[in-house]
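For reference, the structure discussed in these notes is given below.
As written, the chains take the letters A, B and C, and residue 1 is the first residue of each chain.
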Amino acid sequence: MSSHATPAPLGGKIWTPFFQFLAGVFAVSVILMIWRFVAGLGAVTGLSDAYPWGIWIAFDVVIGTALGCGGYAMALLVYIFNRGQYHPLVRPAVLTSALGYTMAAIAINIDVGRTPYIYKIPFMPHWWNLNSVLLEVALCVMAYVAVLWFELAPALFETWRKGSSSFFRWLADTFDPIIRKLMIPILAIGVLLPTMHQSSLGALMMLAGNKLHGLWQSPLLPLLFLISCIGMGYAVVVFEAHLSSRAFRRPSEAPMLARLGVVTGWITVAYLAIRLGDLVVRGKLGLAFQPSFQALAFWVEIALFAGAAFLMLTPARRGRAMTQFNAAVMIILAGSLYRIDTYLTGYNPGDNWSYFPALPEILITLGILALEIMAYLYIVKRYPILAGGSSTAPARA
Amino acid sequence: MSVDRRKFLKAAAVTGAAVAAAPAAVEARERRVPPPDAKGMLYDATKCIGCKTCVVACKQANNMPIDDREMGDGLYDAPTDLNSRTKNVIKLYREGERISYMKAQCMHCVDPSCINACMMGSLKKREYGVVTWHGERCTGCRYCGIACPYGVPKYEYEKAWPKVVKCELCAEREGKPFQPACCEVCPREAVIAGNYTDLLAEAKRRLAANPDRYEPKVFGETDGGGTQVLYLSAAGVPFDKLGLPDLGPEPVPQLQQVIQHGIYQGAVIPVALLAVFAGAVWRSHRQQGEGKGGQS
Amino acid sequence: MDTIERSATREPGQSVDRRQFMQVCAMAAAAVGLPHSAAVKWAEAAALGLKPSVIWLHFQECTGCTESLLRTSHPAIGELILDLISLDYCETLFAAAGHQAEDALKAAMTTNAGKYVCVVEGAIPTRDNGIYCQIGGRTAIDILKEVADQAAAVIAIGSCASWGGIPSADPNPTGAKGAPQILEGKTVVTIPGCPANPYNLLGTVLQFVTFGTLPALDDKNRPKFAYGRVIHEDCPRRPHFDAGRFALQYGDEGHRNGHCLYRLGCKGPATHANCSLQHFGEVPGAWPIGTGHPCIGCTEQAMLWRVPMHSTVEISRPTPPDTYPPIHAEHRAISPGAAGVAGLVAGAAIGAGLMAAKKFVGEGTEEKKEG
């Protein structure tokens, strides 16, 4: 049975020095975003004819949404596999996911060349090209952003219902019952959608054909992206749980997270098995032994995943907070590196082209990241997201 | 623990079944062929003298701006590649004594990867099988640039309202639609336009008549599913040296489409998964004792 | 002036040898790009004694255009004025002067009213009512208007008559203008150049007197057959331009090798004319660029006397140079600023990660007991 403390707002000052720093970074990026729309992508990014996709896609969108799979991963565990004891981890995961996906959505709006035409995607179904994997990603992500905020809404409503603003009270009173009634389909869709688009994010790069290096180009790209994103989702949950324990001086949830680590560990093992097996079957493993930058990146990926799996599955270590934290970081890095490699490092459009993000491009990414962190800090301090009180060990081994 | 594993294995089995279904779907994706009235071009690299009149004619016929970014002073139109100001370019391959010119532009593929990629169908295969871009639907996602194996669709990164720029076989040429300007002006008929079937026959005729002169292949006959712009190369100059990649006979989008449609065909698997998920969520809500539909 | 004296002694009715005459006509037709049928027509008209009347006016000019006309041989000036046209008024070539000349002008205008061709050489001053050029007490403006009024066609030869030429150069103290600006509303064919290429005039005049039509004209009323393209398009030194071989100073190696004169200020790219095809003085290579001097744009009002001789002009429609990009051109670029910031961010992230990991060290021993 689930035994969890009630989530509550953490309270405390919003306008901390760290928050101010983030606000500054965001303010700078806003100026650059305006500049991007005035002067075009070329003025602000390092994108080129041969590298149409840069860090805004590879990092902000692909990695950003993968890191936003905490909500998905937790929903799988708590609602599909019925592991109620992990319930306290769901709300912060959903918050992180909602913010991560919103960050990806902001990045997409800035990255596409004709932002106003994005509205045509949901509203002109007669123009849809149903063969386009990117269309499926776009529609799924648009829907999932909404679903995540719906999943998070009850937490917001709890505060609004007791708040001073009559408008927000009205919002809460009107929509809370509706959302609660629809929560089952919302959750179910909220598990289906990421399954679809996270795998499709892998399928996207299949169209690059031989431009994508043999170590990454594979018919199993969708499967590998899906598995790794679930792993990354759990890793983000662990990472975020420990970070907020320390940052907000709350009790550690290490015992619960240890169990989660086992799940993540096995997922990582499955990923590695499929990844390496796929290379062997397609005869591409030899590429990993060539003296190339790509081979190096590949081994770093494998090492990080393998190291993390080892940490999470070794009974002696996995109970320690530091181990869990390190393992989580390793998975996040490994999964992120896998995605950067699939979209950038492993993408070779021709020998004499190269891509490196331009300064404004990097600053805009950092600005959106800063916004995400600011929003997270504000919401956990003012809304009941994180569970207070002490954690308890899971009911059964 | 065992319940965990069972569920996990079940989910894995479902996914595995979907992946296994993919090969069965391979045959289900029908092979595209050029339309019966398909138009195209035939470029015979052995006849090209590198005069670049086709480059000039293309710029004029399409009202393209000059590209003097690399050779400045406004003296020359000197694109080094296809780009946002250049829909057609002549390149030089030189290795020791071997020289060949190479005319690069859109290949007007039979099964275009770009059209497959485009979310809203901004790229269309029109009359005569010509591939054209239409701005009213384009969001500027540039997936077409990722998809094209020849790196053809170029983007106006320098503009605030960018277009995708590529050869459209002069589909919108004033007074002479679908009559490529490059072919009109070529002084040696190194590049000629016409009916795709005729051009393919002509290419084969040239190979048969002069086998020592050419690489023994018409590029585009089957490459990447076939292209409507065909290439002949000089003997001793393989096509990949000219920048035409070895794609094999499978259409470029084939694998992705097979996998994607294998999983999503008729929305069967997504709907089934949704039902499974809905059932599981409902049961977990009941078991976790949250009768009101739960705190999330 | 052998030919002139000979004409003065020719008795009325004395016919020229017909075959010789046909030859002249054929060569003349060919030289100005008219078909052989033109030559036949001239011969017939001449046999009937019907030679078209031409009235040639001189105003603010150096007479260079007339001089250049004297140096043609296909047809030679003699054949032209004696056999093909009737030059009824021309101050340079007239033996007569004063009232006799004026009477000849009046007679020609009356006899051939509505049929004669008026050729204008030289600019027309307009300031102070045009007093700066007067012939026989009458201003150039008045003379031009009167003669043009009854002309079947008006042809302005030379840049001065076409748009003002050198008299109109800054500060233009006389208010010099070209004939089209004086005769507003009338079609005035302009044959600019300083001097104009005489064959451009010959072709135009002979077409008109033979067929009654003027050649196709551009927006400045210049015959397209001569002014339809810029020098740059037909220049024999164009391969040097395309290959980037330029003379940078008079007498340097590039100059001595006949390289392109663009960087010395050649106005070829901006100048409509056919000098590169039809040279001067009938000596091949006798044209400015051929002798090693950049074109000064003498046909163009926007160029001559306005843009310094040695300033370079813009190329309005650049074409590819004589170089080829490789199959895979070099395109790399990394901005140092971006690399720097990326390094900083990566370093900060690693540092923060290490710090965060350190914070857990204290907790490590506690957790071990629980786990």
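The rule is short, and it goes like this: a residue touches a chain if its C-beta (ideal position, glycine included) is under 8 Å from a C-beta of that chain, and two chains touch if they have at least 3 such contacts.
These numbers were taken from a predicted model, which means no experiment stands behind them.
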item	value
Arrangement of touching chains [line / ring / star / complete / other]	complete
Chain pair, B-C or A-B, that carries the greater number of C-beta contacts	A-B
Cα-centroid distance, chain A relative to chain C, in whole angstrom	69
Euclidean distance of C-alpha centroids - chain B vs chain C, Å	49
Between chain A and chain B, centroid-to-centroid distance (C-alpha), Å	31
Sites on chain C at which at least two other chains make contact	328-329, 331
Per-residue multi-chain contacts in chain B, two or more chains	81
Set of chain A residues in contact with two or more other chains	48-50, 350
Contact footprint of chain B on chain C as seen in their complex	241-242, 262, 314-315, 317-321, 323-329, 331
Complex contacts: residues of chain C adjacent to chain A	328-335, 337-339, 341-342, 345, 353, 356-357, 359-361, 363-364, 367-368, 370-371
Interfacial residue positions of chain A with respect to chain B in the complex	1-2, 37-43, 45, 47-50, 52-53, 78-84, 87, 90-91, 94, 111-115, 117-118, 120-121, 124, 127-129, 131-136, 138, 151-152, 154-155, 180-181, 183-185, 187-189, 191-192, 195-196, 199-200, 203-211, 219-220, 222-223, 226, 263, 266, 270, 349-350, 397
Residues of chain B touching chain A in the complex	1, 3-4, 7-8, 12, 15, 19, 22, 81-84, 113, 115-121, 135, 137-143, 145-147, 149, 151, 154-162, 245, 247, 252-253, 255-257, 259-261, 263-264, 270, 273-274, 277-278, 280-285, 287-289, 292-296
Complex contact set, residues of chain B against chain C	50, 52, 55-56, 60, 66, 68, 71, 74-81, 89-94, 101-102, 241-243
